[in-house]
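My structure is below; once you've seen it, I'll send some questions.
Letters A, B, C and D name the chains as they come in the text, with residue numbers starting at 1 for each one.
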Amino acid sequence: MRYLPGRHFLQLPGPTNCPLPVLQAMAMPTIDHRGPAFGELGLEVLAGIKTIFKTEQPVVIYPASGTGAWEAALVNTLSPGDHILMYETGHFATLWRAIAVRHGLQPEFISSDWRSGADAAAIGARLAEDKTHQIKAVAVVHNETSTGVLSNIAAVRKAIDEARHPALLLVDTVSSLGSADYRHDEWGVDVTVSGSQKGLMLPPGASFNAVSQKALAATKNARLPRAFWDWNEIIAVNKTGYWPYTPNTNLLQGLKVALGLLHEEGLDNVFARHQRAAEATRRCVQHWGLEIQCRVAAEYSPILTGVRMPEGFSADKLRAVILERSNMSLGSGLSKLADKIFRIGHVGDFNDIMVVGTLAGVEMGLKVVGVPHRAGGVQVAMDYLAGGA
Amino acid sequence: MRYLPGRHFLQLPGPTNCPLPVLQAMAMPTIDHRGPAFGELGLEVLAGIKTIFKTEQPVVIYPASGTGAWEAALVNTLSPGDHILMYETGHFATLWRAIAVRHGLQPEFISSDWRSGADAAAIGARLAEDKTHQIKAVAVVHNETSTGVLSNIAAVRKAIDEARHPALLLVDTVSSLGSADYRHDEWGVDVTVSGSQKGLMLPPGASFNAVSQKALAATKNARLPRAFWDWNEIIAVNKTGYWPYTPNTNLLQGLKVALGLLHEEGLDNVFARHQRAAEATRRCVQHWGLEIQCRVAAEYSPILTGVRMPEGFSADKLRAVILERSNMSLGSGLSKLADKIFRIGHVGDFNDIMVVGTLAGVEMGLKVVGVPHRAGGVQVAMDYLAGGA
Amino acid sequence: MRYLPGRHFLQLPGPTNCPLPVLQAMAMPTIDHRGPAFGELGLEVLAGIKTIFKTEQPVVIYPASGTGAWEAALVNTLSPGDHILMYETGHFATLWRAIAVRHGLQPEFISSDWRSGADAAAIGARLAEDKTHQIKAVAVVHNETSTGVLSNIAAVRKAIDEARHPALLLVDTVSSLGSADYRHDEWGVDVTVSGSQKGLMLPPGASFNAVSQKALAATKNARLPRAFWDWNEIIAVNKTGYWPYTPNTNLLQGLKVALGLLHEEGLDNVFARHQRAAEATRRCVQHWGLEIQCRVAAEYSPILTGVRMPEGFSADKLRAVILERSNMSLGSGLSKLADKIFRIGHVGDFNDIMVVGTLAGVEMGLKVVGVPHRAGGVQVAMDYLAGGA
Amino acid sequence: MRYLPGRHFLQLPGPTNCPLPVLQAMAMPTIDHRGPAFGELGLEVLAGIKTIFKTEQPVVIYPASGTGAWEAALVNTLSPGDHILMYETGHFATLWRAIAVRHGLQPEFISSDWRSGADAAAIGARLAEDKTHQIKAVAVVHNETSTGVLSNIAAVRKAIDEARHPALLLVDTVSSLGSADYRHDEWGVDVTVSGSQKGLMLPPGASFNAVSQKALAATKNARLPRAFWDWNEIIAVNKTGYWPYTPNTNLLQGLKVALGLLHEEGLDNVFARHQRAAEATRRCVQHWGLEIQCRVAAEYSPILTGVRMPEGFSADKLRAVILERSNMSLGSGLSKLADKIFRIGHVGDFNDIMVVGTLAGVEMGLKVVGVPHRAGGVQVAMDYLAGGA
């Protein structure tokens, strides 16, 4: 691996740049996962993580990366053959659907063009039709990481309620938790799925299920086989700060520090910082004359901005040039968007001049590769940032 | 968490003391899990890990702790209702069985007294009876972490062969891999399950399935639902050094370093170092007049030594005193052995004087607590170690 | 200390941003400074550091920060009352002179306006007058850190030679070594003084004297008292890789890594990277309409750019705003330049987008504070950087 | 450098094993040594270090290793030709004397056999003779690191007072500060010299002068040249938390953490822990039948134990074998004790089982090398440690 001078800019929509105190906490020696010091740590992070989900319900922490937490949300609540209403916000919604299929569920997929968020009205309409309550769950991605679109979860909740439908509401916040406002309890979410490597500013390796009482009740009748992902045993043992099997102790050491940093800054300040970075990024992209993947302004993501390449230009070529010249990683287009868009992450631990450096890396890349654009986007971003709070 | 001076002695049979270069590698910034540097890393650790399993077959690395890899071995190869012959070496064999039950398999459990290894003859006899080949797999724990007993896997293989039975052979090496000689290919194992936090000298968080061609073929007809644990997609994507979902990048950074350290020392030297430490520990325990949990000398574990407390003395009380006075963590008795034994780990990254310090912490604890014993065990261990190579 | 999100930009002309592998090497446990492992390390860094000074003569490494190495250059070579011809390039030249005074030397100080480098002709003229060779040494700062001016050492050497004067040539490269081309042997320098915390990308704490044979010979008659700084004993003991007193072992562990990084990139590439950053910075500053402290284009520093504030504006106020808003530290004006200039460091471990981020932080600060300037400097810098190699 | 498994035991009387939180703090990025965060850090460590010296007077922190602080104590207070009464406790007292000679002072050296501490009566007698007060300072080493002897500083103070002599009292605590009780103010010490790499649990690189008002007054008339070591400028600038030249910022980051750890444990507990380790070590050595270098029981060092080899055996051979077999570094005999003694450090960050491991490494080494000794010393040490508090 060749040495590139300077700090790498990891401007993916996750994994994100981790603060050094978090990385150092992970590099402290592993402790006895059954000893008293671990018990204290366990209780602290289990309590602390609830403040980020804004819930007073249990949050299950898995020693597994995010994909596992998707699976967990399904196998704990559903039975073979169950219908689940899912919304095709993009690639990650599609992957979640694939997991449902593999587990013998019957997903109904409301399709979209990958450029807007979940349509609460469409969800409500489908549920209203479902008089026999065949649909057992509604699954929506809060922030679709493949496109940069943020769905309105409160609206989905309202649609379910208005349809007077008993389906569980399952929400993926893998890339939004800790970076965008999210309210598990207030929005009546039954299972919130999340991961460590985005707004929580940790490496990949831990994932989460925040679980409502209704979801817990559903486990009683859920007949999909489960062991590793089973909530009940974990929640029972968690009461004393431990896990039924070996937790990833060192990541939890890092989580404790990350939670402290988020609260020291203040969650509202964290969210505002992400909104500012997102707005600066969009103004820059729009100045360049490039198209933002998200079509709906109200649904712009504070986490990342998907940028569409002009016809005839390769997003991956651009990203490769930027990596080589500017030591910066950008997100690629996924699945049907492969090579057609690139994704600028503005999530995790960053400040204004990291945002400008990021946009500068892109603008210089556009120039070097010869992608038609109006120069000066970085300046526009700076004008906005310097004018802001 | 109160500060205790000096280095903590993490003398569990896992997690183990991690070398600082491994911890530091994990504390390097997270890299793009889809970028070229990660691809190089991926290929390197995927190739390197094979040398530890002694296999030329694929090794699947999960971003999940060890319990998950048990589940993976089952769901990739078996179907609901399948019989599986398991051997009750101790607590961990029992946990593995519980996972099989939860997935709707029908384990046949050859019971034991938790003081000896898997009886290859008994396994062979049962298979010989199974004329219809109802039994689809034999599952054995190589090193039973709850007792300190090492089973003879080559003998189990031989027994299966002699019974001319087509069952798959599944072996758990969570606590032995990298510390005791193990030969996935030579011993004809179909699925070897392992974890990161023992002989591989990493924190918990990664786990492994080494997979034979016969096991891979079995996935075709295996009807347990699987997604996160599915081998085929992972193995396909691994060919270029990547994973189908986000791997735990930072642990893999550490794995690369850990593999380097193991090979720099030489695997045979690593194994010999563990054998020496185990022999020193047993001589010490025997001098004390305490009983070793493993009854069969040929099956003593090089990884840990389970020590039985005399009647009327609490192993947990002893461990608590040792933790407080000597800043050392020992393994507790699990399940039916709770409070009856303690377990001394001699696994991972250690040297002679760490072994002596460990035994001294125990001997001083015995004295303080008033457990009857013959003083001088540490001296006996030292005599052995000083006389050795 | 309040938490500020994102990476701090330490854009001083030193200390500089250290690469993480360097910081990690310093965080490895301290080793026995008299043991065999240290001896290997000592020989390696003593040989390695010569490649940066471009010398085959001894380089003395002090466990002391840079100011000490100034003192060392004087006390090893001179006697009370000796004349020394020094050139007032700026604050640091003035500090060096003060040390000479304190040691009872008689500095002759060729004064300047702190906006240009050492005038080789003036030095030559003074030496030509000195028929009795009362002047024992000429002392010049290669890169004057307080102003951003690089002096032409080869020209000074030539002037001394043409004056056929036997004075020693002492050169301060504290802020240039490892970032600007420097040739101790080829330029006939007798003592080169340097420090760890600039181009060598280490924290402060080590400093250097590269020493010619002529300088070593001068120690025989030099009568200033010296013990800690004495070259001869250090050089003698260094032959086996050790030091006569406790060296700062952990910084040397970092130095080994830093030397490796510099050579992996290639010194010429390192120098070119600094020149590019400096040129980008100057174009930006000039676009803003602010004045560069260095008046002479041929003497622009590749290490830092001093920027003069318009009348009536406080440089320190600007720096405070930038620190608060952009989490970036800039250099202050020193001594008579206090509050009148600020200094942008472009030295050490950085890449193009860190340079742009730095300049953006300044431009946004100028706007917020209301310093009159022409917006768009960052864009100009980007145009240059994107057009470059 | 070959990899040796397990933790290295750095059982020198300094540098010592550093706690990982201290090493990590040093690995946090360098900060602006003139910025507000550094000012806070500076004030904190300058106040904190006083609690370890037990002084309310200024403590000067040098960015230089300990030898420099010896020089500083002399050049700030004395003038060429001044007499200084020094006591030959061992190698380090002799080195300090050599520095005095190099600076043109006239040390009077009370000689000893390197097996006992400073004789306060002899010092008092010499001072009483000195009617003209030619002697300007008395210099004593508190803990002589080359032998393992602790001198009684309060007694020396009393002897000076009883002789009604105005000489300054200079004391070297390089290896005792933070590990043995020390009282700069109560004992009326004028300059206390110390270093970072022993009881303060830091790497080498910082050193200290605690300075009485009388010592400060002495600077007015002291005519040895000084610049880097000059107290007055440092103390003046320290008032706001800064230094007149670049301090070693990262070591100070570590110092802050180290001070916190010492106070969390409690200084009296720290001292008692060292006394316990020292007593255990001596009992072990005496059981072996080896001779302790310190002849006077009241002067045994809590920091280290010097052990004399039997005639005909090489201490360095023994140390080499121990390093190779046990991955442990011991202190060598210095100067006239070279190869005749080895030194066991029990200083810094350690606990009971590290002490036992250390002694075991030595005892196993004695056996392997064939040094005549009575086996069982480690057991004796354990008996003592297990019986203690």
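Basically, contacts are C-beta pairs under 8 Å (C-beta built on N, C-alpha and C of every residue); 3 or more make two chains touch, one makes a residue touch a chain.
Everything numeric here is computed off the predicted structure, so don't read it as measured data.
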Chain whose mean Cα position lies farthest from subunit B: C
Chain pair with the higher count of C-beta pairs in contact (A-C, C-D): C-D
Centre-to-centre distance between subunit C and subunit A (centres being mean Cα positions), rounded to whole Å: 46
Intercentroid distance (Cα basis), subunit C paired with subunit B, Å: 54
Subunit C and subunit D, separation of their C-alpha mean positions in angstrom: 34
Set of subunit C residues in contact with two or more other chains: 7, 17, 24, 27-29
Complex contacts: residues of subunit C adjacent to subunit D: 1, 7-8, 10, 12, 14-18, 23-24, 26-37, 40-41, 62-68, 71, 80, 95, 98-99, 102-104, 195, 197, 203-205, 224-228, 230, 245-251, 323, 329, 332
Residue ranges of subunit C in contact with subunit A within the complex: 2-7, 9, 17, 261, 264-265, 270, 273, 325-328, 349-354, 356-358, 360-361, 363-364, 367-368, 375-376, 378-379, 382-383, 385-387
Contact set on subunit B toward subunit C in their complex: 20-21, 24, 27-29
